[in-house]
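Next come two complexes, and both contain chain A; in the first it sits with chain B, in the second with chain C.
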Partner chain A sequence: MPNYQPHLDALTRIRDIRGAMVVATGDGLVVAEKLMAGVESQPLAAMAASLAGRAADLTERSGYGLPRFLQLQCADGTLLVATGGPELVLVALAGRDAPLGLARLELLRLAERLA
Partner chain B sequence: MPDDIRALTAQLAQDPTSLVFLRLGEALRQRGQLDAALKVALQGLSRYPHLPDAHDLYARILADKRDYAAAFDEWDTVLRLAPNHVGAHKGIGFLYYRAGDREQALHHLRLAAEADPGDEGLRAAVERVAGGREIWEEGAPAQKGEHEAGPPPGRAPAQKGEHLQGPPPGRAPEAPFPGLEGALERLLLVDRDGLRLGGALRSPEGRDVSDVAAAALDALAREAARAARLLGLGEWSQLTVECAGVHLAVQRPTPETSLLAATAAELPAGQLALYADRAARAARSWLERIR
Partner chain C sequence: MRAVEPWVVGPLQTFVNESSARLALLMTASGQVIAQHGFTGALDLMAAAALGCGIVASSTEIAAQMRWPPFRILVHQGRRAAHFLAAFDTPRGRWIALVVFGRETKLGVVQVFFDRLVGELRAAAPPPPAPRREVLAADFEQELNASLRTLFGR
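Right, the complex of A and B next:
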């Protein structure tokens, strides 16, 4: 099994990134994770996989192909998801003060390595 | 420069965080110095983006500049921040009146009058717009000559040939995104059943994929809301989906509708959000008008 920990370490070094994980898209199971205290693993993995699935449904039906990146902007934080191949997604949970542009770039860079 | 404007300008220069920009902007507007008023209002808004009176000031200036669609958006923002804001209800009432929608105009003017019962001019405006049918519990009956419909007080009367982007009374506007680039290929508005309300979406090959996308769009917006709730992230404002050649933004202009906005992947990410925000405002205005 590949060692995902360096990827997760790189992500969680970014300011106000509260957690990162690698998730299997098919069943939403956690493959690897690094989370701050208080961040629950299972709901994060399940919701990220589910949201990625719904987004893929829309983009494929519309002829745009599979999404490579999702960003759910909310009042108290942001959920970021990048596709790392056909079966994995890289997920990060950002607080309100996280530099989202930097987090997006890092997530895309690492997801490319997963693919 | 008149003394009051000079004094207010000095006061604002001394304390740029002061709310005196509201008085200064209004004073400039009333003197017809609209560009200067606009500058003051925008500077104030950048400091106080959630202050209803700042949006109200901006809207009045836009209305004076005859940018009625933008003024409507601003007053709509005011009502989201402060649902009983008298100035915003008066402003939106005025715009509906201009557009020929007397029913909606009356609705907003009544709300304004209820919020400010001491404003006799407003009560008279309601009576005029109601065509003399309005009965106030203790107000004097409308005088002869006031029955002819006229604009609310403090506003210029509508000029011949001028219309807000809205429809004639009793008819729905044809499209929710008038004047927006890509309105018939990159903007889609759907209801809670996944049915298309307006706009259209085309695939990269130019195929109309509006209905299939509409069916999936509401489900995606619901999933976004569920994720935000379950992860304790508060209210969601936008879901961005990046594909190889296109970037999509999903928003909920109202609780009952979902909006999809698409731009080329080459465009900066910030422009997608601006485009989607603008489309969402247009959709809200359209929905408000056709209700």
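Right, the complex of A and C next:
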């Protein structure tokens, strides 16, 4: 089984990244995670995989193919989702002060490695 | 949505809406149907209840033979649909849920909302009824027919 932990460590070392997960696209279950205490992984993983699936439906219908990256900007932070091939989704939780460009770059780099 | 126990309807309806489950069935550990969503025929429902109970009973026995704690959730993943089968404790005794879902949702989503359903059922359950007198065969048939009428509106 691949060791995802070093990749998750690299992501969560970025300032104000509160957690990162590798999630199975097909069933929305957690494959690997590194989250701050108090963040529940399973609901987040399930919803992120579901969101990625819906987004894929939308972009495929638009004729653009599969989405590579989703950025959900919220009042208190940002949810970053990248697709790592057909079977995995990468999720990062960024706080308000996180450098989103760097987080995005790291997430896409990891997604490419997993694809 | 049909339910023999009306207090189950709210939580089960919420679960079905949020998880996008196609079929949902709540039953006691002995196979008595409590509520259902999506089943259209009495025969299918009764067969699903009996088979679901049988699967839970046999998997519980397998776990016992292996000296493991009982399985909490069993999932049969198919190409078009998946079956999610779980036994859980309520103030009304041990219940079993059988959920059928398709590609429009995910196992993780079903699991998350199922955990919520169990919490809501535990919170909403009225106290168990007083012990009943001896059950006769005629009463059993009458009760079964009444349950089927409630569950299918006939």
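The criterion applied here is as follows: the second predicted complex is superposed on the first by the 115 of 115 C-alpha atoms of A that agree within 3 Å, B and C clash if a C-alpha of one lies under 4 Å from a C-alpha of the other, contacts with A are read in each partner's own complex, and residues count from 1 in each chain.
Here, contacts are C-beta pairs under 8 Å (C-beta built on N, C-alpha and C of every residue); 3 or more make two chains touch, one makes a residue touch a chain.
The shown structure was predicted, so the numbers you read here are calculated from the model rather than taken from an experiment.
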Chain C versus chain B on the shared chain A, clash or fit after superposition: fit
Chain B versus chain C as contact partner of A:Pro43, first or second or both or neither: both
Apex chain A: angle to the C-alpha centres of chain B and chain C, given in degrees as a multiple of 10: 100
Which superposed partner A:Gly28 touches (first chain B, second chain C, both, neither): second
Which partner reaches more residues of chain A (counting touched residues only), chain B or chain C: B
Contacts of A:Arg68 with chain B and chain C, given as first, second, both or neither: first
Closest Cα approach, chain C to chain B, once both complexes are overlaid on chain A (Å): 10
Shared contact residues on chain A - chain B and chain C: 43, 47, 50
Chain B-facing residues of chain A, complex: 43-44, 47-48, 50-51, 54-55, 57-59, 61-79, 93, 101, 104
Chain A residues touching chain C - in the complex, by the definition given at the top: 23, 26-30, 42-43, 45-47, 49-50, 53
Residue ranges of chain C in contact with chain A within the complex: 77, 105-109, 111-112
Touching residues (chain side chain B, partner chain A) in the complex: 201, 203-205, 207, 209, 212-213, 215-217, 219-220, 223-224, 226-228, 230-246, 248, 260, 269
